[in-house]
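For clarity, chains are labelled A, B, C and D in written order, and residue numbers in each chain start from 1.
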Amino acid sequence: MIRFESDYEEGCHPQLMEALERSNLEQTPGYGEDEYCKKAAEAIRRVCGAPEAAVHFLVGGTQTNMTVIASALKSYEGVLCASSGHINVHETGAVEYTGHKVLALDSHDGKISARQVEEACRLHESDPDMEHTVKPGMVYISFPSEYGTLYSGSELKALRAVCNKYHLLLYVDGARLGYGLMAEGNDLSLADISAMSDVFYIGGTKVGALFGEAVVINNRFLADGFRYHMKQKGGMLAKGRLLGIQFLQLFSDGLYFRISEHADVQAMKIKEALKGKGYDFAFDSPTNQQFPVLPDGHLKKLEEKYSFSFRNKVGNDRSVIRICTSWATHDDAITSLISDISAL
Amino acid sequence: MIRFESDYEEGCHPQLMEALERSNLEQTPGYGEDEYCKKAAEAIRRVCGAPEAAVHFLVGGTQTNMTVIASALKSYEGVLCASSGHINVHETGAVEYTGHKVLALDSHDGKISARQVEEACRLHESDPDMEHTVKPGMVYISFPSEYGTLYSGSELKALRAVCNKYHLLLYVDGARLGYGLMAEGNDLSLADISAMSDVFYIGGTKVGALFGEAVVINNRFLADGFRYHMKQKGGMLAKGRLLGIQFLQLFSDGLYFRISEHADVQAMKIKEALKGKGYDFAFDSPTNQQFPVLPDGHLKKLEEKYSFSFRNKVGNDRSVIRICTSWATHDDAITSLISDISAL
Amino acid sequence: MIRFESDYEEGCHPQLMEALERSNLEQTPGYGEDEYCKKAAEAIRRVCGAPEAAVHFLVGGTQTNMTVIASALKSYEGVLCASSGHINVHETGAVEYTGHKVLALDSHDGKISARQVEEACRLHESDPDMEHTVKPGMVYISFPSEYGTLYSGSELKALRAVCNKYHLLLYVDGARLGYGLMAEGNDLSLADISAMSDVFYIGGTKVGALFGEAVVINNRFLADGFRYHMKQKGGMLAKGRLLGIQFLQLFSDGLYFRISEHADVQAMKIKEALKGKGYDFAFDSPTNQQFPVLPDGHLKKLEEKYSFSFRNKVGNDRSVIRICTSWATHDDAITSLISDISAL
Amino acid sequence: MIRFESDYEEGCHPQLMEALERSNLEQTPGYGEDEYCKKAAEAIRRVCGAPEAAVHFLVGGTQTNMTVIASALKSYEGVLCASSGHINVHETGAVEYTGHKVLALDSHDGKISARQVEEACRLHESDPDMEHTVKPGMVYISFPSEYGTLYSGSELKALRAVCNKYHLLLYVDGARLGYGLMAEGNDLSLADISAMSDVFYIGGTKVGALFGEAVVINNRFLADGFRYHMKQKGGMLAKGRLLGIQFLQLFSDGLYFRISEHADVQAMKIKEALKGKGYDFAFDSPTNQQFPVLPDGHLKKLEEKYSFSFRNKVGNDRSVIRICTSWATHDDAITSLISDISAL
């Protein structure tokens, strides 16, 4: 069975594993106060063009989202996000567990627009009983979105503008950030995203690391006390250096970008093959996640050799599935899949 | 200015005020452990045909909803409700503040159907990563709904059946329960609602009392420790007897039902007058809340003498408004309003 | 049975009941946005000498404490208080329910000192792993304390100074504020307390009202969004005017102070009688709560006619009890009790 | 600098690192649903003699404590623990953040007794206003305690008995479990601890793993829905197999016990050396943490070459420090330290 069901089915890039092994018996202070974490933070600040940013390392995405959001919002504030946003549908209500309402906005492609944000804010402000409704306090977007789609530079700029207008924080979930940055047609750099968001994170779990997400805080009001929040929410890793060591590898010589590009290239090969056979796509994704619509018979055939994540039925006899590539996807796997697609 | 903007603009029914005055200088134990509360609970059990029910008194609706819901759900469970449900839109995220996600279902008339509940549960159960999504644990409905509409006996029965099938609790928000029970065409009795729900509340604030909601718990698993929950959530009134005294008046000789009927009758007079002029209604409500669609010019005229709650614009030149009657609405006010409607 | 077990066993002062009755059928806006609330807030600002203060009305003490504390602290901050503090022992963990640790300091007389606060802050600041411990963010004191004792002007000044030094908020729980202000020997005015605290509340429930606590916020950072917090925590009374009407009576002609003084005078008569018989006191209280140590035989005798709250055994055959007077305590009750004490 | 300041300053035991490396590029399902986790759970059940236990893997100790406690308690219940308990002092109020009060009991050696638990429960049950106080719902103990001390078999049996009597859950924090089990004089086996607790965890972070704690749930009421809790609290590792791989190594051939014994043996050498010089100890610990009282001059000398964690001053010129050994402590380090101690 060759797995295409997610982008976290292998361990980590061999270069990271070697670094972990090399340092394994060194003694360092705990909780992210070691030299590896300091250097990794410095490397990230550099690549983000954000010399003043605070950088902290957490273990996983849900943990990161709940910690960032809970640390940034007042208790009566909620977070605007696409109805398909990870925090709205796939984190078991972790954000609500911290006391905050997720204010879901209708979305068909995984994205929300500045206009939708503006409408939500206007609706709130125009309510004579506004204190009876949750106040929008933050905009959460994923880049790429859960459907593999990307915000353009002008879309992100418009979101930043509406956030400024209504005093909202802008938070970018970058669980798959590399796959977005390296996608064909993307017009946003890491520095752009850093400059336009109050806080964002660079995903490691899905892009080359065993685990780990690097939170980059540009808004200094959010930086105060962040380590307390990390500890209180159970997210401060005792041997924090494991995070520093991995991110230092990812960001010291461009590895993060190279392996991200690899996944995108592999995904485009699959996309072309599927397009060539005339299949539709639920979303037009330039990144490592592809969402083709397959006849159920064809899908059944492919599933004899490959695993995908099922998403949902379309009509009676077709299904949207998700096919994921990653930094680890071999050419062999791609060649095999493409050949089997052609044979359908 | 004659106010029709809500059903809590006066104090309490004079009979309750007299009872409060009469007992004012008596000494009693606090926290609802007095004889008035005991008698009121007994009267409520009787009228509900629920001799085993636990009855507790709280001060307000939001407090009641958050206390009931938080006491009944496991921390990873959420509550299904109409998108227009009070807990979803008008309680500043109080339910989320207790850690639980409100799982909103699309609704156009303030109601949800058994089929919608079933779909939500099936979707959850069929998810291979079900632990990543919030588990539906309760169905919340309002009777009448926030739009004045009612569930029929068969609709409620169907909801009960789907709750049984998926092990969901059924909770009925009865902030305006009396206005629903006494509405023309309603085929549910208080005893029916009690028998079909795990827990519900009888609203006092909007139906004759200064304040107060009587929680009736039929599911004994929910009754355990409820007083701890009340105290912890700040909802245990020190001079609890004030609640007992009022509910004892409301339920000792049918007062609650009589004054509810009065409000419905008054609302029907307004409805007829509006219908007579050919106005549309956003919702077809048989209860004390009416939602006509008025040309903005006519609305402006009426607002010289009356206050309503504005709901929203329809097209460029019409608006849906809410007109509320209550136990306290005088014939004079009705006569005046109807005459001014006729003159539009 | 004559009750001395608490100071909330009657309804409200007759002057308040009359005001409630008089206004009962008026129509007003809800949620504290009526004229009564505005006037009451204005009267309170005047008597506090705090023209800029925000004043909000809540229903009960636990609700007030949890709302104020949760609205003021960052999520990783805790509140320092005496081990006997109401929030630490008698609110079912309501503060913890909002996510904050109560940092209890040893106390024998219900009070804490500036030195204890300083030690706690120093301990936190000197911890190399300070982010692993809860950061003190607020000092909570009760005036009078749960044991009837009072802070002197110099003690409160010292607390204010240490709060300034360590950037702590100072919150005064004034559930029985009047009884403290009017006590013999007290050297603090309402204006002093207002000037020295960031936020405090004036208790109505125990001092003449049916219910109600007036929160006075002097620190403008705490005032922002307070109504959202009230609603979210279930503490915004629909018919908010009931609070305004009562506080307007209490503070328009000095009623609050006169009835508080009455309770203290009555308590002093009991204290003198007990002292005259040679009984010890667990605490030396100049306010309406007295804590004598009685031989169990004598206590049993008194309990034939009077109710007290039991506190705890002292050795094998004596007990500390609490005797409470209130604004409502009649001369007859006092005369009777004193005569029965004398006869022991 | 040779570090003795904690037992998590190195990475993991080489055998675990090899296993991680070996499996690095395998594809497996995520979230702990892989074969490694299944086998590790099975190995743990076997070594615990608990064939029915549910075993789940989390990343860190604070995360484990908050998840277990929050999943097990009703919202109005609190957890009894020693005043020195990790959850009370070193987790930034993580338990309170989930809404529960930590009910601290005085402790001088890091332990609490069955009698203290009984007193706390009696106090609660005898309170006429018991609903105003937090209900004890769980007993939390650490084995070994934060001061390196151990519960004897009879002490643990007594705790179990009092938990049965008052319907309390018993939870054992085993962050350093191995160091306790292998200590000289310990009379409790892993199977004993498993049999006597409702839930406990086997610490990996401090005993040979890069990270990871194995929660063993014997009380089936606590097992329901635990994976939802893990995900909601941010504790479900995407590449869950990393935990399974490590615990499988630790428990497949007794490695966990051998490396634990090693640390204890090293600690005893230090203890003997210190005793030989006549130093006092703050606690009499048979495990890997030692708490000697050293003259500040001697301490300063040692700190030129070694790092310890400072605990606190004793009088003017002495200090208690903590010296930790671990599975990774080399003989060289011990020889060096002992020789320098002798030379003081």
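Just so it is clear, a contact is a pair of C-beta atoms (placed from the backbone, for glycine too) under 8 Å apart; a residue touches a chain by one contact, two chains touch by 3 or more.
Bear in mind the structure is a predicted one, so any value in this text is a computation, not a measurement.
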Contacts common to subunit A and subunit C (chain labels): B, D
B-C or A-B, whichever has more C-beta pairs in contact: B-C
Geometric centre distance via CA averages, subunit C-subunit B, whole Å: 34
Rounded Å distance, subunit A centre to subunit B centre (Cα mean): 41
Sequence positions of subunit D contacting 2 or more other chains: 75-76, 91-93, 97, 99, 129, 131-132, 228, 231-232, 236
Subunit B to subunit D touching residues, read off their complex: 31, 70-71, 74-76, 99, 129, 131-132, 135, 225, 227-232, 236
Of all residues in subunit A, those that touch subunit D in their complex: 2-3, 5-6, 8-12, 14, 17, 20-21, 23-30, 59-64, 66-67, 91-94, 97, 205-206, 210-211, 228, 231-239, 242, 328
In the complex with subunit C, residue positions of subunit D that touch it: 75-76, 78, 89-93, 96-102, 128-129, 131-134, 310
